[in-house]
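Labels run A, B, C, D and E following the written order; every chain starts at residue 1.
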Amino acid sequence: MGAPLALIAGPLSACAGLVLVLLLGLRKDHPAPHNPFIERCAAMACTAIGLFFLLNAPEAARTELLRADGWSRCWQALFHLATLGLLATIPLKGERPLILALASLAGLDFLASADNLLMLFVSLELMSLPVYLLVWGLLPSRKSLEAGIKYFLTGAAASALFLFGLALQYSASGSFSLHGERSADSALGFALMCAAALFKTGIVPFQFWLPDVYEASEPELAGWMSTALKAAGLLLLARLLFASPAVPAALWLSPLAALSMLLGNILALRQQNLRRLLAYSSIAHAGALAAALCAWTREPHAAPAVIFSYLSAYLFMNFGGFLGLRLTGALCVQDLSGLGRRAPLRSAFLALMLLSLAGLPPTLGFLAKLYVFLDLLQAGDKFLAAALALSSLIGLGYYLGLVRRMYMDEPAAAAEQPPICSRMAHSLIAVLCALACMLGGLYPSMSTDIGSVLAAPAAEGSVR
Amino acid sequence: MVTLAVAVCAVAALASAGLAFFSKNLYSSAFCLLAVLLQVALLFCLLGSTLLGLLQLLVYAGGIMVLIVAAVTAVGPESGNAKALGPSRAHAWALLALCAVPTAFFLIAARHCAPSLPPAAMLEKSMARLLFNEYALLTEAVGLLVLVASLSVLKEQHD
Amino acid sequence: MMTQYAALGVVAIPACALLVGNLFFHGRWASRMHLPMILSCLLVSLCSLFLAWEVHSGMPLLDAALRPWISLNGCMDSFGLRIDALSVSVLAMVAVVSTLIHVYASAYMQGDPGYGRFFLYFHFFFLSMVGLLVSNSYLQLYIFWEGVGLSSFLLIGFWRHKESARAAAWKAFLVNRIGDVGFLLAVLLMLRYFGTTRFEVVFRLAGELPPGIAALIAGLLFWGACAKSAQFPLHVWLPDAMEGPTPVSALMHAATMVTAGVFLLARSMPLFAHAPQVMSAMRAIGLLTALAAAIVAATQKDLKRILAYSTISQLGFMVLALGAGNVLAAVFHLITHGFFKALLFLCAGGVIFALHDSLHGATSASVDDAGGLSGRLPILTGAFLIGALSLAGLPPFSGFFSKDLVLESVFSSRPLAVLSLLTAAGSSFYIFRMWLLAFLGDRSLQRGPSSPVHAPGLRMKVPILSLAVLSAAGGMLGAPLAAMLGAPAPSLDLHVSAWALGSALLGFGAAWRACMSRPDFDWDWRKRAGAFERACGRDFGWQDFTDGFARAMKECADVIADAWENRRWDPFTESLADSCVGLGEQACALCRGRVNEYAAWMFLGTLLLIFAWVLRWVSCF
Amino acid sequence: MIELLLRLLCAGLFILGAAFLVRRRELLAMLIGLELMINAANLMIVRTALARGDAHGLAAALIVIAAAAAEAAVGVALILALYRDFAEPEAEEIRELQG
Amino acid sequence: MGVMLLTWLWCAPALASALIAALPSRRLARAAALMASAGILAYALYLGRPLFDQTSLAILEMPFPASAFGIRYTLALDGLSFSLCALTALLTLLSLAASWKSESSQGFWSCFLALEAALMGVFLSRDLFWFYVFWDLALVPMFFIIGLWGSEGRRKAAYKFFLYTAAGSLCLLLGLLSLVVLHQRVTGIWTWDMAELALSPGPGRHAPWIFALLFIGFGVKVPVFPLHNWLPEAHTEAPAAGSALLAGSMLKMGVFGILRVLLPVFPMQCWRYLPWLGTLAVINILYGAFCAMAQKDLKRLVAFTSVSHMGFCLLGIASMTNVGLQGASLQMINHGLSTGGLFLLVGMLYERTHRRGIEDFGALAEKAPSFTFFFGFILLSSIGLPGLNGFVGELLSLLGMAQSYFPLALLASMGAILAAAYGLPAFQKVFWAPAGPGSVSEKVMDLDLREQLILSTLCLLILWLGLSPGTLLRLLQPTASLLARPV
C-alpha cells in the first residue's frame, strides 16, 4: 500500500474532498446562495489529510505515469498548503468553488508527480480548466467574465501549444516519456511546450492575461493563483528544461527572465488597481524565479532548494499580500491613503507583506532574493544578477509608494473608505503569514534544510 | 492509392480551414470546421485506425460541433461592428512570415522520421487495455476534467 | 619651582578669571566684570616680570610638558610650557600693556550694554595671546593662534548691530584662516618629517631636512605670520578691523594679535636659518609693506585707520629685521612698538571718547572731526606727542633705539637702506601730520566740531600716562633684552643714527610744512589728486582685488549649489526615477486589453523560442 | 510522401488555428481556431502512433479528444454567458481590463 | 551560548521599541523611551569597560554554529564599534530628550529605538549577512521618522532617501555576495566573516568591479560626492532628532563599512586607487563647503557641512596611514557630536518658530544668549577650531594624507578656509545682525534647562575630545594600525 499511497496521496485526498463536497451538497436541494461551512471544513480536512500523508510518506515510487520522491512531495505539499489557505478564506455562495479548487488541486498534484508528457498535459488541463471557471464564477460580474474568457482563450491556446509540442516529441521519440529520443522534431516540440510553461508562469511575452485575471478575481483567488499556479508553471518549466535537448537556458530564458523582472516592475509602477499592481509584481517575481532556473542549468547544486525556498517564501508573502488587500478592503491605491491610522494592525500587516515582497531584510522575501542572488553569482550570471538588483530597486519604488500612502497620506473622506473585512480565518492566516515573513528571514539555513529534503531527486538526476 | 486519398483529404481539409478563416459568417466558419473535422476523421480511417476515426466523428461532429453551432445560433452569425482590432494586418502577415521558418524546418524534419511500419494488428485492442491499466490514472484524470466541464454547464443552469 | 608655578600661572590665572567671570558676574554684576580681569592681568604681569627677572638673572630654559594631548605611538605633542628669553620678553610687554589697556577699557566701555561680554572676550584675547607666547610646540601655538583669531572675530564684531563691524569681523577671521592654513600645513609637514612639533626637536633636526622642505615649511610659516601680522598680501583685514571698540584696536595692535605673527617668525628663526630664500622674501615683503603702508597712512583721514596703516608699516619693519636675521632688533621694536602704539591708540580713543557727542554714535573719528584739540585736551596732546616722537624715531624716545637697530641690520645693502630710510621718513611724516591736524590744526579751517568735549577720567589717564612713560623710556630696555637674547649689546652706530634722525626730521619738517605752514594744503592736495587718494584708500587696488576674489568665490558657490546641484544634478537623479515611470506609461500602450493581441504576443514569443531552439539544433550539425 | 503531406496539413491547420486567434474578433471563431489547433496536434499523434504501431499514441489521441471536448464545453459556456449577460460576443468589446 | 552580552546591545532597543509601540499612552511611551535609551547608553558604556582598561582588544560573540552558506551570527565589539555604539546610544538619548515636548505618538519613540537597534547591529556585526540585514533594516525606521514626523516636504524626502540609499544597498549587496561567492569558489569555504574574508584571494581579476560596487554601496551612505544628493533633502525634512541621528550615526555606517569591509578585503586596490579616493575626498570637502556657502536654509547648510566633514573621514581613510585612519575614525565621532548638536539646535529653533531660513532670524544673541553660546560653540567645533574636537579629527586626517600625498592635503586644507566662509556669516546673520522685516526672532525663547543640559553634555564631550582625544584614540588605534599600509 505504501508505494501507491506515496504516488497518489495528494490527488486522492483532493478527489476525496471533491466527492465529499459533492455528496454533502446533495443533502439539500435548494440552490439558493449560502455559505457552506461544513463543506468548507470537509474540503479543508481532506486537503490537510493529504498534506499529512505527503509529509509522512517517505517511500519513493514510480509507475509509467507518475513518480513520487522528495521533490514531488515537496511541491505537492506546497500546493496543498496554498490550497488550504484558499479554501479557508475564499468567500462562498455555494459549494462549487470548493469543488473547482479541489479539482484544480488534483491537477496540481498530478503535475508535481507526473513523469510522462501525456500526464503532464492532462494535469495541466485539469489544473487550469477549473480555474477558468473559478475566475468567472466567484465574482459574477462583467469583469470576471471578461477575465475568464481571456484567460480561457489564451490558456487554451497555451494548452494547444503544449499539445502540439507533445505530438512533436512523440513523433520524434515514439514515447511520451520525458527522456525520450532526441531529433529535430523534439527541438520544435520542446520549444512549444516551454512556451506553454512560460505562459503558466507568466513570463514576459506570455504574461498579458495575468493582470487582467488577477484584477477581476477575488484577492484570495488571485493570491492562490499567483502562488500555486505560478509554482506549477515553474515546475513544468523546470521539468522541460532539464529534459530538453541541450539548449542553454541563457540563450532564451535569461533574456526573458530579465525582461519579466524589469517590465513587470516598471508596469507595476503606474498601476492604480492594487490587484493589478500585485499581478505585475508577481510577473516580476516570476522573472526572478526564472532567473534562478537559469542559474540552475549552470550550477545544479543549490538551485532546486533556492527555487523552492523562493516559492515557499513567495507563498507566504504574496498570499499574505492579497490577504492584506482583502483585510483592508482596499481596491485601488487611493483606498490605502491614511490606512495606517484607520486600521493600524491591518496596515502594519500589509506593509510587512509589501516590504517582504520588496525583499527588505530581515523578512522572508529578503532571504529568498538573497538565495537567488547567490545562485546567480555562483553560476556566474552577472547580467541576471544586475537585472535582479535593478528590478528590486524599481520594485521598491512602488512597494514603498504603497507604504508611504498608507502611513503618510491624509485619509480619504469617511464615505469613500472601503469597508474592512473581519473574518476569523483571514486574520488567523494573516498572523501565520506575518510570523513566517518575520521569523523566516532570521533563519538563513532555510534553503539548505529544504535542500536536504529535495536532495534525493536532485542526486538521482530524475529532475535533470 | 492511399497516398492519393490522403493527399485529397489533406488538401480538402486545408482548403476548408482556409475558407473557415476567411468567411465572415460564423455559420459558414462552423460548417467549414465541420468539414475539416470530417476530413481528419477520414484521414484517421485512411491511416489505419477506424475506431479513432469514428470517435473523432462522434465527439467532434456529434458533440463539439453541436455545441458550437448552437452557440452560433444563439449569438447570431454576423459580427457586429467591424472596427480594426488586435494586431494589424501587416503585423499578422509578419507573424505569418515568421512562421515560415519553423514550418520549413518541420517539413524538412520529415526526413529524420522513423520509417513507417505496417499497421500492427490488435492496435486498438491494446489501446483499450492501456486505457484501463497503465493509463488508468490518466483516464480518471480526464474523467475529472469532464466532470469539471459539466459543472460549467450546470453553472449555466444554476445562475 | 617658583618659576614653574609662575609660568603655569601665566596661563592658569586668566583662565580662572574667565571662569570666575563667566560663572559669577551675571546681571547686575556684569558691570563689574572688569574687576577679575584686571586683577588677573596684574597677576600675570607680576608673574611675567618675575619670570623676566629670573631669565635675566640666568635661569635656564624652562621647557616642560604638562600633559599629553594627541599621542600616536608617542609621535605627537603634549601641552607644555616654554619659558625662554624670547617668550618672556614679549610676555612681559604684552602683560603690562594689556593690564593698562584693561584699565583703560573699563572706563572707555562704561555703560555699554555688552560690558560683561566685552571683558570676557577681551580677556580671552589676552589669554590666547599669553598662551601663544608660552607654548612649547608649534601645534600648541597653533591652538592659541586660532584662539587669537577667534577672539579678534568676536571683538571686531563686538558692536554686532553694525553691518560694517560684522563684515570686518568676518573678513578678519577669514583672512586669518587663510594664513592659518599655511601654518597648519607647516605643522603637518613638521609632523610628517619630525613626528613632533616641539620647538627644541624641530630646531635641532631642521638641518637634516631636505632643502626644499625646509624652505616650504618656512614659507608656509611665513604665510601664516603674514596674515596675523598684516603683511602684504594678507594685510587687508587690519584696516577694517578698526570697527571694533578702540581698546580692542589698542590691544590688537600693541599687544596681542599682530605681534603674534612677528613672535612666530622670531621664534622660528633657527628654522628659517635653513631657508635663505624665505628670508630674502621676508625682507622684500617687509620692506614693501612698510613703505606702502606708510604712504597709505599719510593719505588717510580717519584717526584709527592712520594708526592701523602705521601698525602695518611698523610690522613691516619688524619683518624686515627678521628677514635680515636680527631677532633682537625685531623683538626690541616689537616691544617699543607695543608701548607707543598702545599709547597712540589710547590717545585716539581718548579723542573719540572726548568727541562722543559730536560723532553722533560713530565709533571712530577723522582728523576733520578732531583738530585743534590741544587746548582742551592737554594731557592727550602731550601723550600723543610722546607716542609720535617715539614712532618717528626721535631720540631719546624708545622708538629711536629700536628703529635704529632695525635700520642697522639692513644698512649693509644700499637699496634696502634707502628704502627703509624713506619709510622712516614717511612714518615720521604721517604721524606728525596726524598729530598736527588733530591737536594743533585750525578748527575753523577743518570744520571741526564746536560741541563740548569730555575730558578723560582717571581710569583713562593713568594708562595713558603710564604708557607715555614707557614709550619715552622704553629705549632703556635694549641692553637687558640683548643680554637675555644672548645678542651683543646694542651700540649706537652713529652713521646709521644720523641717517635715521635725519629722515625722521625730514618727515617732521614735511608734515609741519604740509599742515601748519599752509593749513589748507592737506585739503587742496586731496582735491587735486583724488584718484591717488582713492587708490591709496584701496591699498593701490589690492582691496578691490581681494573683494572681487571673495565675490567670485561666493558666486562660484552659488553656481555650484544652485546651477549645478539644484538645477542639474538633483533633477537628473530624480529624473531617473521619473523615467522609469515614463517607461511604464509607454509599456502600458502594449496592454490594451485585446485578447487577440495577447494571443499574437504569445505566438510571437513562441516563435522566438522556436528560433532559439532551431538555431541551436541547426548549429549542432 | 504521406509523411510530408500530413506534416504540411498539421502545420497548416495549426497555423491557421493560431491565425483565428490572432485575427478573428468573434469569440466563437477563436474557439473554432482552438479546435483546429488541437486537431492538428491530434493528427500528428495518430499518424505517429499508426506509423510506429504504438498503442500509447492511440490512447493519447483518445484522451486528447476527450480533453478537447471538455475544454470546448467550458469555452462555449463562457462565451454563451457573456452573450447572455452582456450580448457582446466580440473580442473587441471585452476590453474593460487593460493597462 | 552564554549570556550573549553583545546581542543584548541591539536586542534591548529592539525589544524596547516593540514594547513602546504597544504602550497605551503617549506620555508613558515618551518616558519609557527616554529611560530605555538611557539604560542602553549605560549598558553600552558598561560593555566597553574592558576596552577602556585595555584588558582586551575586542569582545567576540559567536553563540550559534554556522548555518547555510557559512552564514554565522557573529558579533564583535572592538574600540571602533564601541565608540560608534556609544555615540549612537548617546545621540539617541539626546535626540529623544530634545524631542521631549513633541506631541508625537508612540510610533515616534518606537521608531527611534528601532533605528538604534539597527545601527547597533551594523556596528556590532562581524558577519556580512547580518551586517547587511541591519544595514538595510536601518532604512525602515528612518523612512518613517522622516516621512511621518518631518516638515512639509517629508513625503518626497522620505521616499527619495529610501530609494536612493536602497540603490546603494543593492550595489553593496551585489558586491558582498560576489565577494562571498568568489571566495568560496577559490578557497572552497563558505564564509561571511569579515575577518576571514580579509585579503581574500577570491576576487582576483574581478576585484575592480567588486571594489566599485562596494565603494558605491558604502559611498552612498557616506555620502561621497556625486552620490550625495539624497542627503540635503532628507536632513532638511527630517525632524530635528531624526536629522541628528541621521547625521550623527547613520552616515557613519558608510565609513564604518569602508573601514571594516573595503579596506581589509581590498588593501591592494585601495593603495592603487589612493589618489582617486583622496581626490574624491577633497572634492567632497570642497563641494560640500561651497554648497553650504550658498544655502539660505540653516538645516540645509548644516547638511552640506556634513558632506564636507565626511570628506575628511574619507581623506583619512584614503591616506591609508595609521594616523589618517585614526583621524577618520575620530572624525566620525566628532562629526556625530558637532553636526548632531547643530541639528538639534536648528531643530530647537524650528520648534519655536517653524522657520529655518537664515533670513528669518536676526539679533538672536540679545534674545537668547545661551542659545547663541551653544550654537557658537558647536559651530566652532564644526568649523574645526583647535582645542575643540573637530580640529583633532581634521588634523589627523590631514596629517595622514600629508604623509601619503601632500598635495591632496594641501587642497583639503582649503576646506578649513571655506568652513569659516560658510559657518560664520550664517552665525552672524542669525545671531548678530538686527532682525529683518520678516523676522520671527521675537518668538524665540531662550533654552530651558532640559535643552541646556542636552547641549552641555555635547559641549563637554566636544571640549573633552578636543583637549584630550587620547582616550578615544587609544580605543580606535588597534583598528587603524591593522588597516594602515605598512610603511
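The working rule: a residue touches a chain if its C-beta (ideal position, glycine included) is under 8 Å from a C-beta of that chain, and two chains touch if they have at least 3 such contacts.
Keep in mind that what you see is a predicted model, and the values were worked out from it rather than measured.
Path length between chain D and chain E in the chain contact graph, taken as the least number of steps between touching chains: 2. Shared contact partners of chain C and chain D are A, B.
Top-ranked chain pair, ordered by C-beta pairs in contact, is B-D. Put simply, the chain farthest from chain A by mean CA position is C. Closest chain to the protein centre (all Cα atoms averaged), using per-chain Cα means: E. Look at the CA centroids: the one farthest from the centroid of chain E belongs to B. Between the CA-based centres of chain B and chain D the separation comes to 6 Å, rounded to the whole angstrom.
Chain A and chain C have Cα centroids separated by 78 Å. Inter-chain centre distance (chain C to chain E, centres taken as mean C-alpha positions): 37 Å. In terms of their C-alpha centroids, the spacing between chain B and chain C amounts to 102 Å.
For chain D, the set of residues touching two or more other chains reads 17-18, 21-25, 30-31, 42, 47, 49, 52, 56, 63, 67, 70-71, 74, 78-79, 81, 91-92, 94, 96-99. Counting only residues that touch two or more partner chains, chain C has 577, 588, 591, 593-597, 599-600, 603-604, 610, 614. Shared contact sites, meaning residues of chain B that touch two or more other chains, fall at 85-87, 92, 95, 99, 102, 105-106, 109, 113-114, 135, 138, 142, 145, 148-149, 152, 155, 159. Remark: the chains found to touch one another pair up as A-B, A-C, A-D, A-E, B-C, B-D, C-D, C-E.
Touching chain A in their complex are the following residues of chain B: 102, 105-106, 108-109, 112-114, 134-135, 137-138, 141-142, 144-145, 147-149, 151-152, 155, 158-159. Remark: chain C residues 577, 580-581, 583-585, 587-588, 591, 593, 595, 597-599, 601-602, 604-606, 608-610, 612-614, 616-617 touch chain A in the complex.
Against chain D, in their complex, chain B makes its touches with residues 2-3, 6-7, 10, 13-14, 17-18, 20-21, 26, 29-30, 33, 36-37, 40, 43-44, 47-49, 51-52, 55-56, 59-60, 63-64, 67-68, 70-72, 74-75, 79-81, 83, 85-87, 89, 92, 95-96, 99, 103, 106-107, 109-110, 113-114, 116-120, 123-124, 126-127, 129-131, 135, 138-139, 142, 145-146, 148-150, 152-153, 155-156, 159. Across the complex, chain A meets chain E through its residues 355, 360-362, 366, 370, 373-374, 377-378, 385-386, 389-390, 392-393, 396-397, 400-401, 404, 407-409, 441, 443-449. Residues 18, 21-25, 30, 91-92, 94-99 of chain D are the ones touching chain C in the complex.
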